[in-house]
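Below is one structure, written out as structure tokens; the observations come after it.
Order of writing sets the labels: A, B, C, D, E, F, G and H. Residues in every chain begin at 1.
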Amino acid sequence: MQNSTLRTLLQQIQDGSLDIDQGLKQLRDLPFKDIGHTKIDMHRALRNGFPEVIYAAGKTAEQVLEIFIRMKQHNHVLATRVPKATATYVLERLPQVNYNQQAATLTHVCGEIAYQPNPIGIITAGTSDLKVAEEAKVTCEMLGSNAYIISDIGVAGIHRLLDKLDELRKASVLIVIAGMEGALASVIGGLVSQPIIAVPTSVGYGANFQGLSALLGMLTSCASGVSVVNIDNGFGAACAACKINNLLGDKKEMTV
Amino acid sequence: MQNSTLRTLLQQIQDGSLDIDQGLKQLRDLPFKDIGHTKIDMHRALRNGFPEVIYAAGKTAEQVLEIFIRMKQHNHVLATRVPKATATYVLERLPQVNYNQQAATLTHVCGEIAYQPNPIGIITAGTSDLKVAEEAKVTCEMLGSNAYIISDIGVAGIHRLLDKLDELRKASVLIVIAGMEGALASVIGGLVSQPIIAVPTSVGYGANFQGLSALLGMLTSCASGVSVVNIDNGFGAACAACKINNLLGDKKEMTV
Amino acid sequence: MQNSTLRTLLQQIQDGSLDIDQGLKQLRDLPFKDIGHTKIDMHRALRNGFPEVIYAAGKTAEQVLEIFIRMKQHNHVLATRVPKATATYVLERLPQVNYNQQAATLTHVCGEIAYQPNPIGIITAGTSDLKVAEEAKVTCEMLGSNAYIISDIGVAGIHRLLDKLDELRKASVLIVIAGMEGALASVIGGLVSQPIIAVPTSVGYGANFQGLSALLGMLTSCASGVSVVNIDNGFGAACAACKINNLLGDKKEMTV
Amino acid sequence: MQNSTLRTLLQQIQDGSLDIDQGLKQLRDLPFKDIGHTKIDMHRALRNGFPEVIYAAGKTAEQVLEIFIRMKQHNHVLATRVPKATATYVLERLPQVNYNQQAATLTHVCGEIAYQPNPIGIITAGTSDLKVAEEAKVTCEMLGSNAYIISDIGVAGIHRLLDKLDELRKASVLIVIAGMEGALASVIGGLVSQPIIAVPTSVGYGANFQGLSALLGMLTSCASGVSVVNIDNGFGAACAACKINNLLGDKKEMTV
Amino acid sequence: MQNSTLRTLLQQIQDGSLDIDQGLKQLRDLPFKDIGHTKIDMHRALRNGFPEVIYAAGKTAEQVLEIFIRMKQHNHVLATRVPKATATYVLERLPQVNYNQQAATLTHVCGEIAYQPNPIGIITAGTSDLKVAEEAKVTCEMLGSNAYIISDIGVAGIHRLLDKLDELRKASVLIVIAGMEGALASVIGGLVSQPIIAVPTSVGYGANFQGLSALLGMLTSCASGVSVVNIDNGFGAACAACKINNLLGDKKEMTV
Amino acid sequence: MQNSTLRTLLQQIQDGSLDIDQGLKQLRDLPFKDIGHTKIDMHRALRNGFPEVIYAAGKTAEQVLEIFIRMKQHNHVLATRVPKATATYVLERLPQVNYNQQAATLTHVCGEIAYQPNPIGIITAGTSDLKVAEEAKVTCEMLGSNAYIISDIGVAGIHRLLDKLDELRKASVLIVIAGMEGALASVIGGLVSQPIIAVPTSVGYGANFQGLSALLGMLTSCASGVSVVNIDNGFGAACAACKINNLLGDKKEMTV
Amino acid sequence: MQNSTLRTLLQQIQDGSLDIDQGLKQLRDLPFKDIGHTKIDMHRALRNGFPEVIYAAGKTAEQVLEIFIRMKQHNHVLATRVPKATATYVLERLPQVNYNQQAATLTHVCGEIAYQPNPIGIITAGTSDLKVAEEAKVTCEMLGSNAYIISDIGVAGIHRLLDKLDELRKASVLIVIAGMEGALASVIGGLVSQPIIAVPTSVGYGANFQGLSALLGMLTSCASGVSVVNIDNGFGAACAACKINNLLGDKKEMTV
Amino acid sequence: MQNSTLRTLLQQIQDGSLDIDQGLKQLRDLPFKDIGHTKIDMHRALRNGFPEVIYAAGKTAEQVLEIFIRMKQHNHVLATRVPKATATYVLERLPQVNYNQQAATLTHVCGEIAYQPNPIGIITAGTSDLKVAEEAKVTCEMLGSNAYIISDIGVAGIHRLLDKLDELRKASVLIVIAGMEGALASVIGGLVSQPIIAVPTSVGYGANFQGLSALLGMLTSCASGVSVVNIDNGFGAACAACKINNLLGDKKEMTV
């Protein structure tokens, strides 16, 4: 209930067009969102170009299709972790939907996406991390930020990384994706001044324990100011990065 | 070696005031930082108001004192995790140094700190998380961002949190600090659109496993875009938040 | 051995129709249950409408079928974690058995179930938790409690939850099912006064560690009075909830 | 804001003693609890005899004292995990506060506690679990339920347990407290039909891993319907048990 | 090299039929077992009826077959963890080999097994533990001990267990097999005085963590004198039990 | 209730000196142990020379003293994990009690202990494991088995172990105690044929994780037939070994 | 940029054939490796006979093929963890590539490999560890060291190991591969003086936890000077061993 | 028994100065080391300048003193992990013993140490790792290798590391010591070609889990050929490094 609605209600009480019991009842029945207008605002903001997001891993092909059909006329739609069979099922029925096999995403853009002026940089330690990077890239784009990927610059060949410093500096925010020991986040964290969102990946075996080594490594990074999302969570990193990029808007990044 | 220095060297070669062997040697001896000018820039940026940071937990009182003496004329200095005995030792010899017992920090401001226009909000689930919050606050201030703390608005009393939504919205970035199950990050993540840096704390016992429950909870948060730092790492969260705040500069935050 | 049996034995000793050695032997051979009459009582209670429960995950289709055939004339029968192939095998031979694919249960009601007057509420954070919720619902119903499911009201959209408060209040006991960080139990625990049985689910990936994050989160919940069952254990939660509901009987719940 | 308050406000609007802008402001400023009447109800319930609870482990003696002073005129107060030094400090200043050293609680009863008619049974496997049992007992009593402790009936001497079956049956709810392997919950769960809240304790060493063995054992109990709280969490178990006991009210328990 | 061999060698040196260099060489080349006569003894003991044991899980069908062919004329042979395909492959070529599908063993008895007079009792908590029990039983028999299985007497129905006490008492050693929380070992440990070898199984899910809950539970059992083998290790438990049974030989067990 | 007691009761019924109601009451009131005669036997066995065992770690000095005073006239008494202060307290009041500081035990022998003819061998990998070995030795002796310790024959110096093979062979059962990687159990398990009870110790640091490395190592030992007790649990190992030794009685061990 | 290149540049500046701006640009554009000449040296060394290494587990058959085609004219190529399908795909198109199924490697030797004079010894505890041993052997050979495998000399049969001491002594470096408890590394570490690289394997089950038991065991080995690589990482162990072997060159090993 | 001893024995048999029974007895009684001459060699090698090593953490001051007194006339002696009180106790009685407080070592050199020509480089990520580095350095020196420490060149300031490349290259073997995420091993592993022994340290907090993050990070390092020792195990790393250095002897390292 926005201010004007609330004012109207009180006016109706005042002018007698609403009696007190009815007024009490209306106030009682106000859905929460009418009071917590912040959330209304947020919802409005979200409706301005933000996609509906479907985590397809736990859903049937039919459910994913149904959501696409229901949403796609008024919303951008982003489905992540889409199994290939689900993608095939949806594409046969909605051929205009875009499928990115490496990212395992299905996307539908409703109208046009307005992009932020600053791009987000996505860095991977190895080529095996590319799946996570692609998920992050597609998510960034659906959330309104351009993104570019620089892959395979892990710390065991530090010169490959140093060669790319200029490219790293072009982004407002960096998403750093690494499996194994996840050291890339620490090294980049010491070289650049942008915010860094680190994504540990499950690339590795044995003492990697499905990403635990990279996760713990990134959390205990000796480079201050690196923050971390869940293992293999390219989507979450992109969300965090886009929140920052949206905040920045058209401001040019610091001259670091 | 900045461009002008490098140019001077080449000019000296060209005009014969430096012979080739000496030139070779100078180039060979260039410390890395002279070539990797990115880091020069960063260093310069750092020198413009960024503090020297001392992790005092693993150092003797004498070592901490010595670093303060050496640094304090040209730098802001921030020492974190300062045991009380170390603080007393330093304060007896350098009474002008500031000691914040709850934050366990010693700070020295060299001249003045130039603050960013937007403040950082620091939220805690319980009063026991205040130590971490204070460490974050002192760090923010030493890194050039004002910060305010809203404490004790954990999710078991959701109305306390909803009452504070307006205050939460005043910050450009939110640091959300919670122990136990760490659910506060998820709930706030669903209510606001600013970047959120979540700090799990070791507050709790038993299945908390020294902060593991909050850490895993925040990493697997159902609220997209929450990124996480190490357990009890108020300092690291402040660094991440300030990187974002510095990027933003005087831009007003999004109207969310 | 019930009191009357025991009395008869002593009378036979007294009147000489049983000699002491035979009496000793009979006492020696008394199965435990004849002394521990509590368990007799419990068994009787159990026979009054409680189902035989089969954990089908570790059994062959033949074994499950056999138990159904043996039990179904005198008992309600509930088989949980029934693989689809097992269900098909049983249904081909016992078409009157009910199969709930989402719950992965096979059920047979022998006569009629007498239901408790108060319903049990089953709440899920996301739609992926529905399998666990359905297992809980079927179990509740087989144990004599009606149950209703409210799904997809996770804490990242707190207003969805607040909108459902009235519905939550209609149950005598709440089963709260959530994966990822499991924060839903904490938030609901702070909003309602009914007993809450929390079920962590393995929904999630990475730092979820097959449900560990939700499990630890629920165990360390900042909301007092939440108790927890095993990961994905909808069956166990329903048992715990029905024990409470049976205790309550036709008493109307507290006016909270 | 209770209904009558809200009604008064609307009446003031209606009769003109409050103008609309002031009315709007009052409604705007209403703390959340005034709209979310569910919570009002709960708060009222809480005020009717429920204690303020202080987790003293993370607080200074001064803080604990201050809360006692502030609360004790209008509320029952319960402080848990009170270090001995804190207790001494408070008792010197507030001698009428009750200190239970084994439970590590400080309590103040404001007026009188109205007790539920059914008692709660607290069972421990060993005498080393008594600290947790005492915390549970004090909490039960402060929350309005009588409680009795039966200790040292661990499963390695099953006859001790069987001897106590009649006593176990007198409670409406059982809190079962055990360290080491925590098997007591499973065995009791198979013998009685009341709701069981299991509390793993950190009693043990080595592979006990500070209570992990009991925790996992209770969570995977072969006895259906056992629900579990955090390690050593006598307080939480009491809260869960009292929620059930309050629900039951004066209804006599099932004749199991 | 047995004493007599060694004596012969020295005699040959003494009588000159062997020169010193050849003697030296023979001594040098003595395989270790000739010096460490303990192991000779052990080997002899092993050859007296002990099987060759093949852990088939990591071997190809061809390798298992080859070992059977090579061994089966002079040895009993026991292959454990035999995949069905491997069993089929071997049986097609060696139809006289015995395949126990539930135990996943292939066995060949070379001549006859001499059995110890006392049987070993194998107890399981649930029917899902039968695979492990069968592996233990087959192993016992191949190692020369008769064994009997009592299954499905888990602690949630303590009367089932108490009814079987007499049967439990007939064995010289008990192997107690249980998954979930593994409490059966503690309860039996408190009821009988025989040595108990406990086998945790991976039966369960969630917080069972593939047998960890039962493993930790058995290791921290409150019943003294329970020793534990690896998760699902029916073979190892049988080896431990047979070592005890062999030690006992024809001695009648204690009258406990 | 022993057989003779039970017979007397029946005789009293038969001869009329006890009426049926009183007989019923006596039978009803029989503590469980009177029916479950197995346990009577065990209790009798226990009373014949078995000590009362006190786990002193969780008890006050007063409690330990009290148990000693109460028990020591009719029982052997063994207290384990006795803190030095507790020992001092007890010894000042009961100077005849024996204190073994390294074993951390207090013992009182009531009359005389009848020893089994075969000794138990206790082997340690390093001298730091001696505390656990001493606890095992004292326990063995209180339970009626002589025991000898061979220490510091860890596998990194395999010749030290091989030199001791003859001594190892003199025991009926071996308790093998090792920290770090716990490999000693595997090596001895391959060299001797006696039953082996392995005790992992917390000796070590880092990846030892308080005994976890030795525990897992012993559980996964490549030597079949090694069974394991809890970390540092010398007491439990002695109980398991004595159960075997009691079973064996005066039978000479196998000639292995 | 090698010294001569750098010198040429300066000479061109000096003699005017390159102007200063172009010189500046060339220096600016120098890839890092031109300054960090260490890495140039290393690269040169690498190019002299070191293979390109492909971790095939995370790559498609097409990608692996492409790398082979691109590399094989100028480099040795080693692909590890090659799935059988990938191998088949590559071999159909490049029949001259060598496939070692047990090692799961594809290799191509470009010209000839120059071997180090000293061989590397690879020891396994069991035959199930052979896959890892083969990966290590192929890697050694591709990196220029001959290697031999001694398998199945686990510590449960210590004589098998002692019989092989002479063969163990022929290697300059030993790679010791063991699953289960990994004790082989400790025992060999106590018997020989060469450097030992230990490889824990995932051979085992239950408390092996996918290699964790062997990993922790090797890390906490009581034999000083054993260093460890990741679980199942035959490749990494070979790299570490070859680094040592290369260092040694043609020097004969110590006469230990 | 060396060859000559064995030959003498056989000659005595041959010439009749020893009869066969005595010969048999002597052969029987030969301690293992006399047959396994490898170990004799090793022992001899050890006696040539290798220290006796005492792990003082688990020993009393008296025990450590006693070992020093017994050993110091014929051996170098190295005690590690010496508590300060123990050191004081020993130094008061043996003032000539050397105490290195940071390394926590006591050392005694008996005569002179012959050093290997190549030094060992010890690198630390931070100054808090210096304790481990000092332990490694003292150990290297006692084992006959000179060592130098380069500290505080963690990866967050990669230029500090690159500046030291020449110094790194002077060592034959590198010991790389790092806490937190342990990334330094990966980065150095990519920059140099010497063997690298990585030591994870427990420096850090929270998700460091007492060194687990660094341990897992180093084990899963993307730089091939890094091998790892236990957390904080400077001693073990030095042993491994010295084994390599001894192997190398006076050979100059590879010109990489």
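Observations, loosely collected:
The working rule: contacts are C-beta pairs under 8 Å (C-beta built on N, C-alpha and C of every residue); 3 or more make two chains touch, one makes a residue touch a chain.
In this text the structure is predicted, and so the values were computed from the model without any measurement.
Number of steps on the shortest path from subunit C to subunit G, with steps defined by chain touch: 2.
When each chain is reduced to the average of its Cα atoms, G sits farthest from subunit D.
Centre-to-centre separation of subunit B and subunit E, using mean CA positions: 60 Å.
Computed from the mean C-alpha positions, the centre of subunit E lies at a distance of 25 Å from the centre of subunit F.
Averaged Cα coordinates give subunit F a centre that lies 39 Å from the centre of subunit H.
For subunit G, the set of residues that touch two or more other chains comprises 36, 39, 126, 158, 162, 191, 206-208, 215, 219-220, 224, 230-231.
Pairs of chains meeting the touch criterion: A-B, A-C, A-D, A-G, A-H, B-C, B-D, B-G, B-H, C-D, C-E, C-F, D-E, D-F, E-F, E-G, E-H, F-G, F-H, G-H.
On subunit F, the positions that touch subunit G within their shared complex are 125-126, 154-158, 162, 180-183, 186-187, 189-191, 204, 206-209, 212-224. Interface residues of subunit A, counted against subunit D in their complex, comprise 3, 6-7, 10-11, 13-14, 16, 20, 23-24, 27-28, 30, 32, 35. Residues of subunit E that touch subunit G in their complex: 31-33, 36, 39, 55, 57-59, 63, 200, 202, 210-211, 215, 230-233. Listed in rising order, the residues of subunit B touching subunit D in the complex are 126-128, 158-160, 162-163, 203, 205-208. Residues of subunit H touching subunit G in their complex: 36, 38-39, 41-42, 45, 53, 162, 165-166, 169, 172-173, 191-197, 215, 219-220, 224-231, 235-237, 239-240, 242-244, 246-249, 251, 253-256.
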